[in-house]
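Structures for review follow.
You will see chain A twice below: alongside chain B first, and alongside chain C after that.
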Partner chain A sequence: MIQVKGLSKVYTKVRPKNRKAISNHIAGLKDVTFHVQQGEVFGLLGPNGAGKTTVIRHLMGFLKPDVGFARIKGLDCWEEAKEVKAFVGYLPGEMNFLKEMSGLEFLNLMAGMHGNRPVFSRRRDALAERLDLNLKQPIKKMSKGMKQKLGIINTMMLDAEVLILDEPTSGLDPLMQKVFIDLVLEEKDRGKTILISSHMFPEIERTCDRVGIIRAGELAAVEGIQKLRQEQRRTFEITLETPEQAQLICESGLKADRIGDNQVSVEIQGDINPLLKVLAQVQVKDFLQRMTELEEAFMQFYERGEEVEQSIISSHV
Partner chain B sequence: MNRALFRAMFKRQGKKTCSYALGLSLYNLLLIGVFPTLSQSSSMAKLSQNLPKLARVFRLTSDYALSRFESFAASQCFGQVWVLVMGIYTISTANELIAHYVSEGGMAYLLSSPAGRLQVFSTQAAVLISGLVLMVLLTELGIWAEAKLFALSLAKKAYLRLGVLAIALFLTVGSYSLFFSTLFNNEEYVILSAACLTFTGYAFDIFSSLDDRFSWVKHLTIFGWFRPQEVLEGDTPAWQIVSLMTLSAAFLTLACYVFERKDLCV
Partner chain C sequence: MMNDALYWSMLKYEGKKVIGYSLSLMLYEWLITWVYPILIESPVIEDLPNSFPTSVKRAFGVSAEETDISYESYISAQLLGRFWTLLISVYGISASNALAAHMLEQGFMAYPLSSPVSRSEIINTQIGVLLTELMLLTGATVGGIYSATAFFKVTIDRWQFFRMGILGFCLSTVVSGYSMLFGVSLNSEEVSVPLVSALTVIFYGLDVMSSLSERFSRLQNVTPFGLFRPQEVLRGKLLPTKECLILSCISGICLLLSGFVFRRRNLAI
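Presenting the complex of A and B:
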């Protein structure tokens, strides 16, 4: 359904601040390739400035690729941008609406620009009720979270085959984040193809089938969520009754480090059973996982990337 | 053109257009109110005779300017304040319709629809053109109503010709402002470049009327084609209107070309 192949983009700074700089070009994307099957939810994970929004801007036909292509349903997103938009619902990362309007006026405008089908108003009202948003309120008086809800309603009411959501839960409270996750899962059940860009791990973990981890404009990995969970390491911080018990864990053959007198940090790759067997022999006072599994996988990919970069720098020096 | 977008944008611009037109009408009301006093004042006539260069700057080019309302209105309103107000209105509207939405990100919503860039651009251009027509229409209607109030007779056809010439002139200003609006991502650059071009052109026109030696300068600016006094005194500015319309069409085509092919970080 969504196909991105060899996508590269170089931004040119018109006025480089540092005039002695060797180049005034900044790499936006480097050879990004991935695909999203029909009915699949695909997550793009990466920190700010990694290139997630740039990928999405290519998919929406706002940017022309220097190399490679982005296609949706076989249509080129730049050359056939107008046709592509007929079956795409888009939630931009920045909630900058036409501020002079009320929420309802804005949604009516967007419905009108998409052909004003009767289903739009039905879905609009149902979504507004579910997300608890007063549409008659002027947009300029809305809080960030309310604007985000309005953006979600706009995207979902169009009942598009493909949904492209750029940081969809930013500004939403935990209750509304859950409502949003439910909405995405319902759309998934209805066979929609969804691409979500985010740095919020829980929403990616709960909604996505596969995740692309993007770093400095490059796609570091594309993995299935289940596979990521199984294969990636997890770190646990365990507080024990006595220092001797902490020593016992360190000597058990697990990858463990002492972080206090009776505290250890244990790193597990894959199967958790060996840790549970050791813990059965000691008395545990506290047990916590340092980061969520996906977050941990994400950090691992980043560390790998940084190690590679360091080795390249050292070899040049 | 996209009807839903046009309606929404015109509604938004309509308020601004009506405020500008109301301001101009009040100014015209003031002019009409003081005209009978000024036209009978001998000191004003002496002033234009003793300080001819200053009189030219204020478009008081002949005694005739004070003896007929058309000439007075042409010199005091259409030659000065009106041009400046229309210039500001046109530049700010052209900036708001494209560059403002691109720089603040709202354009992402408009371009996420199947309308496409060409349709979005042509709708925004249509909003600007409609606003200009409405401004000219409201100004002329205001003058007509005020003249009725003060029982002054108006040369209606001459005002109509002036209206068409004014629309052509500000359509040119609007079309190059839209071009800058599509060219630059930064709103400041758009306003700066469009304002520089417009108000330098206007200054050139005033400079050219200071002395016959500088009269050639008026050929460097589109404002040289806008002579309200001559039009209100009976001239038909046919070639000026055609030239300005051609220039507008060229700039609009160029602006559309840039907007369709430009990378938009929205």
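Presenting the complex of A and C:
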């Protein structure tokens, strides 16, 4: 459904501040390739400035690729942008509305631009009720979270086949984040193809089938969520009743480190059962997973990337 | 091709501004037309224009050759000769910036562009809204003069004012046209607005200089403001067909180029 192949983009600085600089080019994307199947939820995960939004801008036909292509349903996102948008719902990363409008006026404009189908107003009202947003309120009086809700209503009311969501839960409170995740899962059940970019692990973990980890404009890895969970290391911090019990865990053959008198940190790769067997012999006061599975996997990819970069720099020096 | 939903929404968005400018202009026209019959009855009125240097009279659109106390001469000096040209220029810059550069930089343009409406249709709609606003503003100017002169029983040749309105509209489309072109070409309204304002001030300054002295009269050929001579149109000395055509060609080229740039540009929104 969504196909990105060899996508590269170089931004040119018009007026380089440093005139002695060898190059005034900044790499936005380098040879990014991935595809999203119909009915799949795909997550683009990476920190700010990694290139997530640049990929999305190519998919929306805002940017022309220097090399490669982005296609949705076989249509080129730049050359056939108008046709592509007939079946795409888009949530931008920044909610920049015209302050002079009310929420309802904005949604009516967007419904009009999408052909004003009767389903739009039905879905709009249902979504507004679910997200608890007063649409008649002027946008200038809306908080960041309320604007985010308005953006989500605009994207979801169109009942599009493909949803492209850039940082969708930014500004939402935890309760509304949960409502949003439920909405995405419902759309997934209805067979929608969804691409979510985010640096928030829980929403990606709960909604996505596969994840692309993007780093400095390059796609570091594309993995299934289940595979990531199974293969990646997890770190647990365990507080025990006595220092002797902590020592017992350290001597059990697990990869464990003492981090306090009766506290240990245990790193597990894959199967968690060996840890559970050891824990059955001791009294556990506290048990904490340091990061979510996805967060751990993400950090590993980043650490690996940095190691590679360091080795390249060392070999050049 | 334009998009209806976007057109009406943008017209509503710009509505307050165009209504505010139009009503203020009409009110000003009513005020100066109300004063006119009182002024021409004053015994010193015929001598008053003679107390100004010829160059200043020319610059403000007052007949330099003979003492002219006609309404046409009066309104040229009070409004149309200088103040109105500046006002429609400022309005044109502000409106084209609001409809293009501001929406691109602020990011709102991402929403219309995410709909199944082509870039051509979007920029055509924005240009359509801009031209509608300019038409409303010049219409309000001419309408204000018609209504005020009818109310205060001042006799005018309405066709001359209608012609002047068309010429003013053509001039305002030129300023808005290059303003739109700069707006869609540059990445930032912080850059485009000062640039366009500076260019307009230069064009306006050249026109004022060309009016002040015969030595500089050729400067009026290098500024679009040089083609706008309301006093000559109103006194029936000039049928502004050629001027309207030249101004329309310049604005047409600017607006076509704006459309071309907008269609092909990378938009980081």
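Convention: the second predicted complex is superposed on the first by the 317 of 317 C-alpha atoms of A that agree within 3 Å, B and C clash if a C-alpha of one lies under 4 Å from a C-alpha of the other, contacts with A are read in each partner's own complex, and residues count from 1 in each chain.
As a working rule, contacts are C-beta pairs under 8 Å (C-beta built on N, C-alpha and C of every residue); 3 or more make two chains touch, one makes a residue touch a chain.
Only a predicted model underlies this, so the values are computations on that prediction, with no experimental measurement involved.
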Overlay on chain A: chain C relative to chain B, clash or fit: clash
First, second, both or neither for A:Leu75, with chain B first and chain C second: neither
Which of chain B and chain C A:Met101 touches, first, second, both or neither: both
First, second, both or neither for A:Ile181, with chain B first and chain C second: neither
Partner chain(s) touched by A:Tyr90 [first = chain B, second = chain C, both, neither]: both
Touching both chain C and chain B, counted on chain A across the two superposed complexes: 57, 60-64, 81-83, 85-86, 88, 90, 92, 94, 96-98, 100-101, 105, 108-116, 154
Chain A to chain C touching residues, read off their complex: 14, 57, 60-64, 81-83, 85-86, 88, 90, 92, 94, 96-98, 100-101, 105-106, 108-116, 154
Residue numbers on chain A that touch chain B, as the complex places them: 57, 60-64, 81-83, 85-86, 88-90, 92, 94, 96-98, 100-101, 105, 108-116, 154
Contact set on chain C toward chain A in their complex: 3-6, 9, 12-13, 16, 103, 106-108, 110-119, 187, 266-269
Touching residues on chain B, where the partner in the complex is chain A: 2-5, 7-8, 12, 101, 104-106, 108-117, 261, 263-266
